[in-house]
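Working notes, structure below.
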């Protein structure tokens, strides 16, 4: 298995040259575009790694899956879905237009920025600090890694360049979709994006979703079966930005990407996968990471379709 | 099993009162809104039916899956996907707007009308008559039912009220997305929608896709494995119009609906399902049919997620 | 005066090099991009010409003003404006999107293609031939030129490449905005665009509108005062496609352009102006023609603002 | 003249019942919906008033004309128009969509909210306080009324409910269209909207634009002729929100409305007009005020077309 993974990494590293690291958040520019790594944890708790599996990177949009899970645990589901939709949007992740043209004014789904700002606003807590602590500790629990931390320079950089997200948040506030303080919600949003992980963390979280919310080692139920299924479903229909449809056709497994270069995949009842390759294609997905998953899905017959 | 199906039909028939039969094609208004029926064929070729399983209805948009399969068999895939996209659109099935705002001018996917007009234009044949015969005989082969016919009064009705589809076709022609004669393509499009089927036919076709393209009885490969997977993937991401995301979350199986009231579902490696209930919800899906599938998926744990 | 006009033509001819002749209708490609001519007829019936004033060209979108006048004479105004709006659209002349996103589904105004297809459908007549004759004779009356003819090769070319207009017409038909036969309406639309004129004809028609509908020579009322004002108003708000606002700011007189290279301007109570320069800018307006009118408006203080 | 004005007010007051006062800014709800008043100042400095001419109200969007004038005086015109367009939008005043779909990302024109936020950002000053003072003193100079003040409770109310404007401002900031501090720009924007005026003030300012920027009493040039013309042009093409086209057709004079119920009109070389009627139609224009201007334009033949 590890040989096969090494093989896949080696043969796909060339694709990194066709993309580029994210530039809209200055701190992300510092990433090394050549990096490519993978980790798989299967349901027997075997861990396989290859390539740059020990690099740290910020989780970015992959956090949207975890925050959605949290929002669904903190609130009635009907309430959550009165504020964010269930449908793929067909638009780029940071599109504002649909907020205006949709009859309901709610974001299409929780995997685009506007939708994740909504789910973030639904996280419970006495105050901002309390919400932050609850959020970080939930991320740590899912990753089974107490050392997860917010990368402060990325966070500061997100905040400094986050005017488009600010625009969305104020529009959502104006339409009554988010309640409470806009700046507090944005703070929490920028922080969740800035949590630093490795592919091992992503594989671990992916495995939890793959295993229907039960910790493979302890047997503890961390997330309900239904929420686990919902997260995987959103990963399929909207997980790879406006390339989700193509990814479903070519790879066929639930996955969520982030502009930090990470991809978390979750193969139902089989395994969790973490991939890292900060060189991105035009839609914001790890350009070599996609190829790695395509190869892997083929070799191991991972497609759910 | 048949008891359970009867049970599900009986308990969900009440939902038919909350929708209404399609009205935009006059012939479809004649359907009986109370009808509700189901057929399941599993991979051991067991056939289970309940409710109004013997009613005939026109296949409508469900044909889009079969015509896509045909287009993929008749052409290079790269060529097909240079003319129709792979992404869910987030818009209603008959939306024109995205054709104008998308950079590429191609329809988002082959499950919306504009996309299906494109795949229809890709069906090979010496002339219109030849294309019609090839198409009808392919539908018959998939359904294993040589008596499938076009319902002529529905076809005439489609043709008479098809100005919106005509508009799309001319726009696609203008942008070079479809080639050949527009009226011929539309003729073929209206005819494919007017093929008359029963839930047994739908279950049979669904089973073929579920079984990765191999006829369960004869072992014959009818469609390639890859095309079978692609069809099921499109069914998940775009099969239920702009309620596809919600259906994936609530039911979690590949399915395609039509405004005639049919739904074809395909549970990978397990079964094909046909449902019929012509009373539709606002998005054009069988209102009671959705509930039937939701119940069934729950009871038999059919979700692929 | 003629010296000044010659001067303006000479000094602005260089701008023709920065544009190009219309290409989407093959016949229009044959125009000579260097041509530039002007004719002014003032309210004392003085006629001044300069440059290529004797060239013939097809009237194209300038016909929209005349067909609107005819629609308003043939129908109740409330009826006309229940089928076409009064507002500038901010979109290109051949945009379809607003037809779908507007609540009313009616075209924004009669100066864009969709709107002119509507006004064309409102022209009365026993049959297509009768409508054509009424239309052509109305154009002749306004231009005081009985030799106006349809250029048949342009007409055939329009018809051959008119799929985008066909798409609009079918969408309008589908939404009940146009009634009667779509092909007949399109026939009449393509023909009106293909009427051949010179700058003298345009100046004469422009003068009629400038003089509130009264023939300067005979004193005959040809068009009502109200309709004359309405035409000039639409020329200001929507006459130069999606550059109407800029033209109003820089030139400040009612004007309507066509992709044949013509511009008709109408200075209230003063003069009619015809300009011809088939080299177009990106928005479809005569690139040197705009400059000619800007110079002229400045020198003669023509702005109505 | 005053009799005629009284007559017009009396006969049109009934229309106030068909609209309602603005509600989205709570302070504006306090207005008396029955109020209707008018003031005309002609170029011989005759002042005619009728109805509720002595009521005070906030200037709201009418300020957009004055702030545009100021932006054009404080900056190079090319710079201004690289940040805000010249075209009518066809969309409601507070639409965000075009900011995203336009290639240039700049607001369509300075008469919609997004455009006015841009012109506001272009006002020069050492700091916010300095900018405010310059702005208020410019408004006072144009109205020849040193007692003009900001209505603080309206200002506070605007600020409290201004999330949609905040969203636009952050989007403009994100795209580099506005520079400097977003909150400072918004502060100045909310303040300009909250300046309290009477119809006499509006008529005085309208007269200045009508008189090409020259103070009728002192002969002093306050604004350049070109800027005066530009303001009147924008008033025609975009002054009455997305009813500008209809207003141009029915009334035919440059005018700008505000949701406070005011309308300022400017008849070139003839007169300035102020109207007040806080009962608004669905597009945000004074419902009876429109009728008053329609009557007046008819009786005095004011149309510029």
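Order as written gives the chain letters A, B, C and D; numbering starts at 1 within each chain.
In this section, contacts are C-beta pairs under 8 Å (C-beta built on N, C-alpha and C of every residue); 3 or more make two chains touch, one makes a residue touch a chain.
What you are looking at is a predicted structure, and each value in this text was computed from that prediction instead of being measured.
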item: Furthest chain, CA centroid comparison against subunit B; value: D
item: Computed distance of Cα centres, subunit D from subunit A, in Å; value: 47
item: Approximate Å spacing (C-alpha centroids) for the pair subunit A, subunit C; value: 54
item: Distance from subunit D to subunit C - Cα centre to Cα centre, in angstrom; value: 32
item: Residues within subunit C bordering two or more other chains; value: 101
item: Pairs of chains, among all present, that meet the touch criterion; value: A-B, A-D, B-C, C-D
item: Residues on subunit C engaged by subunit D in the complex (per definition of touch); value: 85-91, 98, 108-109, 229-230, 232-234, 236-238, 242-246, 248-249, 252, 254, 268, 303-305
item: Interfacial residue positions of subunit D with respect to subunit A in the complex; value: 95-97, 99-101, 163-164, 166-171, 173-174, 182
